[in-house]
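You will see chain A twice below: alongside chain B first, and alongside chain C after that.
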Partner chain A sequence: MGKPDKTTSLPAWSATRVVGRPVPRIDARQKVRGDAVYTADVQLPNMAHARFLRSERTHAKIVSIDTAAASAVPGVLAIVKPDEWKDVLLKDNLGRGIPILADEPKYAGEEIVAVCAETEDAAREAAAKIRVVYDDLPHVIDPEEAHQAGQFVGGGWRKTRLGEPAVYQRGDARRALTSGGRSVRIFERTYRTAPMTHCSIEPHAAVASFENGRWTVWESTQGVFAVRESLAEMLGASINDIRVIGTYPGGGFGGKVSAGKYTFGAAYFSKKFARPVRFVQDRNEEFVSPYGRPASVQTLKVGVNTAGKLVAIEQKGIHAIGPYEFGAEWGHAEDLLTEIYECPNVHAESIAALTNVPPPCAMRAPGYAQGAFALEQMMDEIAAALGMDPVEFRLKNIPDRDPDSKRPFASPKGRHGLRECLAAGAKNFNWEKRKRDRKTHEDGSKTGIGVAATIWGGGGGPPAAALLRVHADATADLFTGAADIGTGIRTALAQIAAEELGIAVERIRVTNADTDLTSYTLPSYGSLTLASSGPAVRQAAHDCRTQIISLAAQALQTTEDQIALVDGYAVRAATEEQPEWITPIAKLISQSPAREIVGNGERGPNPKLALKAYGVQFVAVTVDPESGEVRVDELVAVNDSGRVINRMAFDSQLIGGATMGLGMAFLEERSYDPASGKLLNANLADYKLPTIFDQPREFKLDRVEVPYDANSIGAKGLGEPPVIPTAPAVANAVFDAVGARIERLPISRKRLIDSLMKEQAKK
Partner chain B sequence: MSYPFLLEKVRTLQDASRRIADSPGKAAVIGGGLEILDEVDSPTAGSTRPDILIPIGQIPDTSYIHSRGDQLRLGAALTIAEIAESDAVRRLAWPLSEAAAAVGSPQIRAQGTLAGNLLQRPRCWYLRGGFSCHRSDGSDCPAVTGDHRYHAIFDGGPCWSVYHSDLGLALHALNAQLIILNPDGKEREMPVRDLYPDPKKDPLKFHTLQPGEINREIRLAGLSNRYTGTFLKITERGAFDFALASVAVVYNNFHGRFKNIQLFLGGVAPRAYTPEAVVKTLSHQKLDRSLLAAAASHAADVAAPLPENGYKMSIVKNLVRRALEVTYDKLSWKPD
Partner chain C sequence: MRSYLAEFSVISPRSLDEALWALKQRPAPAPIAGGTDLMVLLNAGQLPPGAYLNLHSIPELRRPIEFVNGEACFGALTTYADARRHPEIRKRLPMLCLAAREIGALQIQSRGTWAGNIVNASPAADGVPALMAYDAAVELSSASGVRSVALADFYSGYKQTARRPDELVTAIRIPVPEKEAVQYYRKVGTRKFQAISKVLLAGIMVLGKDRRIKKIRLVYASVMPYTYRARAVEAVLEGRVPDGAAIKAAVAALRSELKPIDDVRSTAAYRLRVACNLLEEFLSASSPSRGEARRG
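Entry: the complex of A and B
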């Protein structure tokens, strides 16, 4: 273990010139002009094409697979049935495997046969000509039904036996809820969130080529090293037999953290036929392969005392995690409630229900987004019942150390990111004034406002490393393993290097996410990339800086502490005795013995503190109770992600996150036909992603930069936090407008009208 | 990427018509291809996959907008965008113009054609999802016991799919006529209202064109300034979406009274649907804004929803009220 990152002897930046600026992405031009080559775009000479045949049935035994007609399609190279690959397993984070091809498919769309052909059309036609005889078996889609039947394991990171939930516990929630007497008020409600699909603009895709005993794999991925490890295991190959390149993934959102079945398929066929193979899923397949946010059913029971302090939280979350235990780690939603507010007694059960739907994976803020929909509405409900302002109620319950680990926060005494976000958000939104002017318009529509908060880890950490080479003309090459999944991390890292080197961002070329050229780094997930790779880059750049300064001190005949690196020059400031003296960095390097300066950086471990990022969203809505239409008039987002490295990218994360949150709030839901278990909306017309017109009329974005010194760049994660509070903030605003609690996502026209009817029937 | 098919160019609509009649089930015209390429890729149960496609847009004189007097003639291969942008359409048939602007997204409007929009298959996720159903092979409608949140609340059963052409709905209210060319080179005229067979009687057919018949033109009488009308739809999302319910309405001010009310609902019945109670309540009444809400409240009187789509009744009432109020406020003369 290395030294804590804090002690890499790099003090926090005081004034910055590049860091903190809104810098356009270094690859914006390539992306906009279509010059950036994504995996699905890779075309190699003599390339063959592969695809899967997927199960037509939700759960069935395969009786026979007839490939005669398919084999006769011109151009078909291979048709692989389940037994040929039966020893190959795709594994989840806890090592639980599923077969690449199933001989007893357990969800509609599960991969059963793989086809490789000369052309994509031939592969498609051959797949369509394979005749499969199925023997249907019973299926379960509803996670509650599976739970009742005892078909579940523990969700989250604790493995359990069949029929046993994973339990998180501190204090004694049951006792606190039963023995509090009249001084404890109890609130209970069940919330449901919908199963969702990432819908990255680029589908899951791999292109593999096998030459000289070695694979080169282009993969649309969040983590080239994770793909390499997993693929090596599936192929039974050594790690250095494989090179994975993932410079431009077209989105990931948690769905592309490791190799897929298609990756194995591409690699397998490329070796078998000694030619490149392209394996790209189509849009329909994106909805039925093992990815997505699982459906959840969460029952919350919360006790609060007369002073407005949370006393106990009991939560039971049932999550639809597919037919295998594979992916059960994503069947949980308790994290947020264990750590956001002070609460001495917590009991949370995570139940990963075995259902005949595709297994889930991480999806932007896994667990937290579902958990917030329940907890943050509950907070609103309690505040109203206590006659308290929901902002004030949250402020009252802010902890002074991490309620789970009991560690102190990595922030100066007396400061707390959530408190500052709430204060800034309330101000930017004009909360106090708006609380008083709710309206019913002439057409019967009503206005409402709502707020919700979030917490997220995002402290980052090792492993992450960087290498920087500064050349004799003062341009530089930065090598980093980090994938840029659309967040702009390549730009942020270039900014950090530029800051240290005193050269312009444009002079730094970033080579990233290539297992041959860059060193080991975790995938870009968990909002950890900047906080992991940023300090490594800073250290590498600082290493170069020290060497340049030393050259300058020699050349300028002064001590190193007199030298600054600014705009491509080494500068010794003027003093009373001497005038300013300046020399180009390029000159220093070109005259140096090595003709280039090389720096290395490695991320050290974090200090033993609670590393948390925060955020809030305030929204104003107009609801038409007859048509069920909801318009989001304004959305105020404020986040604490420590030091903002690139203000433009910061704003983009907030806009993108909140927009995705609005999709979750209003639109997105995989709809399964109950009788057949088939997905009814496996396309982008029927599975509705938000459009520009579904965004708020106005976004107001802001940051609070609570000083954070757990790493040398002072930054923490921002990728996931902005998606978390949106749905509950909207639900709270809808409640404020029309008085109906939204217990189920998405808040479609139907759900809203149905909720209002239910409310009316109660009265 | 899709199955191979042949794109065949012909010189005249007549040639196209004959080619299709000569190769039954094998050839079809293609407008924008939004619909037919979908079908070629993932055929619905029971459909035949054409493998010769004849692009109608490449045949001369198929995309035009002619207005003479109050007559409007629209070439069937016009794109939806061309209709949305046309001044003549806006002036003479603004509900059609509004409907065109409400279709999908700019991309869909730029690609989809007028005839193609009218001839889209019902957008039922069972029918399109390859399930066997009443319209594919005469079996029971799976939506009844399935997920029918988007299905019909009027006239449902045995098919519960809904009518979804925005242009078509406006053309119902405008009482437009289709000019149809048949393989013998003859033409016939048919009201758009007769284009769709009753699925109760003829479940396996989606339109009443005979094999080889081509829709050449749409004709309609423009609205004079005594008329008012509109098209509105309520969707789940802000754009790029089909109607949960839509409405097209046209009526005139006849000596201070509501007259000739053409009111059609989309998204709520297997075909465009007229809520008669609303029409009856208003017809021949003196123009009076205060009557509108009460009339609209009858819009769902005879609805017979399935267990999970009753919410559409609320939407329909709201939509009809809005449409009546918008149109009323646009009348060039009104008493109040």
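Entry: the complex of A and C
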């Protein structure tokens, strides 16, 4: 293994008292009682309210904006048209900007006017009374149509010119597919996934106040520091002119990583009128701003040899990324296939098609969720054609080092998370036996089983820092920059501190996500938060621990290696000469010169190893071929995220992720009317999310904790992996039940009936 | 966008007479019962501004479910929860309970009324088909008198009903069917619960000793522009033994009788196919409990 960095220089925990236990969230009570404050709840004296007017047209030049009637609405403070903010740009990860207000809206729902008023009602009324004259321009919704017209750039993390795809290449896939002769069998299929929306329970929201030359912004966000940077740029201000306070965010899922147009609006008006301004989006606005998972069309061509080894993968992915190049980094789905299985020849093209729909942003497992739907069904199809068990086929193609970077894995020799997940999952699910179960039942229903696998990064890394103050009564304050977007990271970090300090979790208060009070930390995205901030917290706590032990050694007149910290006490174990000696940690600190102990921790770099997390899901379904209804009877999820810090939070991630995956599989799709280009279902009645009744009758959750020492807590990411394998596992199970391949998501009742009819017609 | 509240007013009459008198105004105020249809429109900014009539303040309308002369009688404010909780309804009119549990979740079931479901006249209403299959009648009251209309004759087109704007639904009468009746209620929605149906069939069938069909009712929701009783198919089936040949004839008749709608939720082709599949499933059901057994 590689050279350990500063944070890994702490030895791995041997036995743990708090880490690994199922610990209820430290804020559960507050949340359940409704005491937790979310941004939309923030009420300040003399607060004004802002909102956007959005384009009614899909693509149009604005001829005129008449605000006379709107300005006459009592309580209206300001109406801002596009030219007033024309120099302000919201930027994506690669620095591509879009206007806050568009004078040529390029998708229905794009922001065109901003209104600020005394009350929310007045702002609504004024917005409704603005008269806009549009001159319609042509639009394109279908990404394939845009691709054919040459209107695309490369998707992913490298910018390209117009008309140039982003290409990933290793080996020579084309040659391997054409010159393999009889020994290489080739499989080809096109898969389509739907555009989706995060549907966080709390909409995007910001409240800004401007006092003494400085903004304070409360934001529902995954990353306070990212909001601060982006907002400072839009305002032309110093980052130190802005304090961002992350309230409890009501979900994020990738949609709240940085500042939004509304954040700028709130900050702008708060300075202009020297009073606080609240800017909260409505539910229907959540479907156009900001964005979500882009639609994808993926064509896979895979070659496999007679021994069942993958020889080559060719992939072409077309993604609808909106009218600007903004967000094109989310228009790709090839990552998973470049790294999950051993395959010497890979050629993948990412095409980010310019379409008149909202630009995309990250959404839980961006790219991977779409990519898995294609690849993991293809694996199933190939296994069947080769007469191999799909679990065995996957096992056969597990790489022994990272196929992309060629680095060794950060796990002990001979151990691989995916292999162990597949084995544990097959056992839990009783795969071998169920493979032979009858599929057709007396009432006409059919049952089937399916499996799918995933890989994800989630190794985390710098920058992340933590500060811990242990007080004279052995309570502690932990300061961390990380946002808790619902994963329970605040609890996990408190557990890590408690483990080191030998005090109870309840004695640690966590202050997080505040740019004034906590140190710089990356946003909570990419499933990296625990693996980034966890080691920083452990180091801060270890720093305090060392100081407490040194005080104890003096007080107990012994050497430091004789002291243990347990349940709030420093303990020197009994020896033959001396009895056990014990003293409260509180007493040690209260008698110390500083009267408190302060520790600092900073996340160091990772070793040069491949840092990967894994997971599998096995599902059993019952299909009613008369109505197209599918019931998920059982779902087994097994993940390798290294050391599990909180078993309860681990289970919650698996349940939440798989449920979201079921939404992707069966229900979720933003539907556009191709003629008008308008979104037809911008509400939660017509865009359906799974409810508790759509969850499997039985969840079985398990973990394999393959030892991982790339960081000092031994943990890696889990936020995104559980959403990835669900849709392909379900699709494979549906195929097993009825013999129809699922080429398009979501698997609606109608689509299933259609593909059954197609299968029947073939026979 | 949400409606502007100042443009709305609510009348709360203290008696039925006062309410019926208020309904003589032009335009007549629209009644609000549970408000579970109206409030959605209000929130979406689609509720016409003006006066509304609150039914909860009228003591005559707040009466419990009664059984009179072999008929169940619902009041204007009888909710789905009232029906689900009623032991006699559960036993003698089980499709009403199946329908009630399909509607929204507990909040909607405790608030939404059967009368509101009828008057709202959505082609996708889940309560109406069960009532129609039971041959329910709607009592309409106005300042000029009371009349009764068979629910099967209540609709004539999309959102077209027999109710005049000055009339209130004051009761729904539901005859209790024969003990041996085979009952079938199945909703196919986008997801389990809390979803508007794509296709729904409520059916009731009484067989004679000779196994011939004495009486049959087939009511579809979400297929036609209004809750639709497939009378032509009923006529094909009446007097026949529901065997393979009869089922085939019935499905063929249904294919020509239905002209399914195409909308965001589904397509005509899907609806027709599933409508036929449900009919087949109902007719081949041998035991009365089968419809119930199918509920997931």
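We take it that the second predicted complex is superposed on the first by the 754 of 763 C-alpha atoms of A that agree within 3 Å, B and C clash if a C-alpha of one lies under 4 Å from a C-alpha of the other, contacts with A are read in each partner's own complex, and residues count from 1 in each chain.
Simple rule for what comes next: a contact is a pair of C-beta atoms (placed from the backbone, for glycine too) under 8 Å apart; a residue touches a chain by one contact, two chains touch by 3 or more.
Since we're looking at a predicted model, the values are computed, not measured.
Asks: Quick one: on chain A, after the overlay, do chain B and chain C clash, or do they fit? Just give me the call.
Replies: After superposition on chain A, chain B vs chain C: clash.
Asks: Is A:749 contacted by the first partner chain B, the second partner chain C, both or neither?
Replies: Touch partners of A:749: chain B and chain C.
Asks: After superposition on the shared chain, which partner residues are touched by A:690: those of chain B (first), chain C (second), both, or neither?
Replies: both
Asks: Contacts for A:127 in the overlay, against chain B (first) and chain C (second): which applies, first, second, both or neither?
Replies: In the superposition, A:127 touches chain C alone.
Asks: Classify the contacts of A:680 with the two partner chains as first (chain B alone), second (chain C alone), both, or neither.
Replies: Both: A:680 reaches chain B and chain C.
Asks: Counting only touches as set out at the top, which of chain B and chain C does A:626 meet: first, second, both, neither?
Replies: Both partners, chain B and chain C.
Asks: Considering only touches as defined above, state whether A:666 meets chain B (first), chain C (second), both or neither.
Replies: The answer is both, since A:666 touches chain B and chain C.
Asks: Between chain B and chain C, which residues of chain A are contacted by each of them?
Replies: Chain A residues touching both partners: 121, 124-125, 443, 626-629, 666-667, 671, 680-681, 685-686, 688, 690-691, 693-694, 748-750, 753-754, 757.
Asks: So in the complex, the part of chain A that touches chain B is made up of which residues?
Replies: Residue positions touching the partner: 120-121, 124-125, 284, 443, 624, 626-629, 666-667, 671-676, 678, 680-681, 685-686, 688, 690-694, 748-750, 753-754, 757.
Asks: Write out the stretch or stretches of chain B touching chain A in their complex.
Replies: Listed in rising order, the residues of chain B that touch chain A are 1-4, 42, 105, 125-126, 129, 131, 142, 145-147, 149, 234, 236-242, 244, 308-309, 311, 314-315, 317-319, 322.
Asks: State the interface residues of chain A toward chain C in the complex, per the touch definition above.
Replies: Residues 121, 124-125, 127-128, 282, 443-444, 626-629, 631, 666-667, 671, 680-681, 683, 685-686, 688, 690-691, 693-694, 748-750, 753-754, 757.
Asks: In the complex, go through chain C and note every residue touching chain A.
Replies: Answer in residue numbers: 1-2, 4-5, 40, 44-45, 188, 190-196, 198-199, 264-267, 270, 273-274, 277-278, 280-281, 294, 296.
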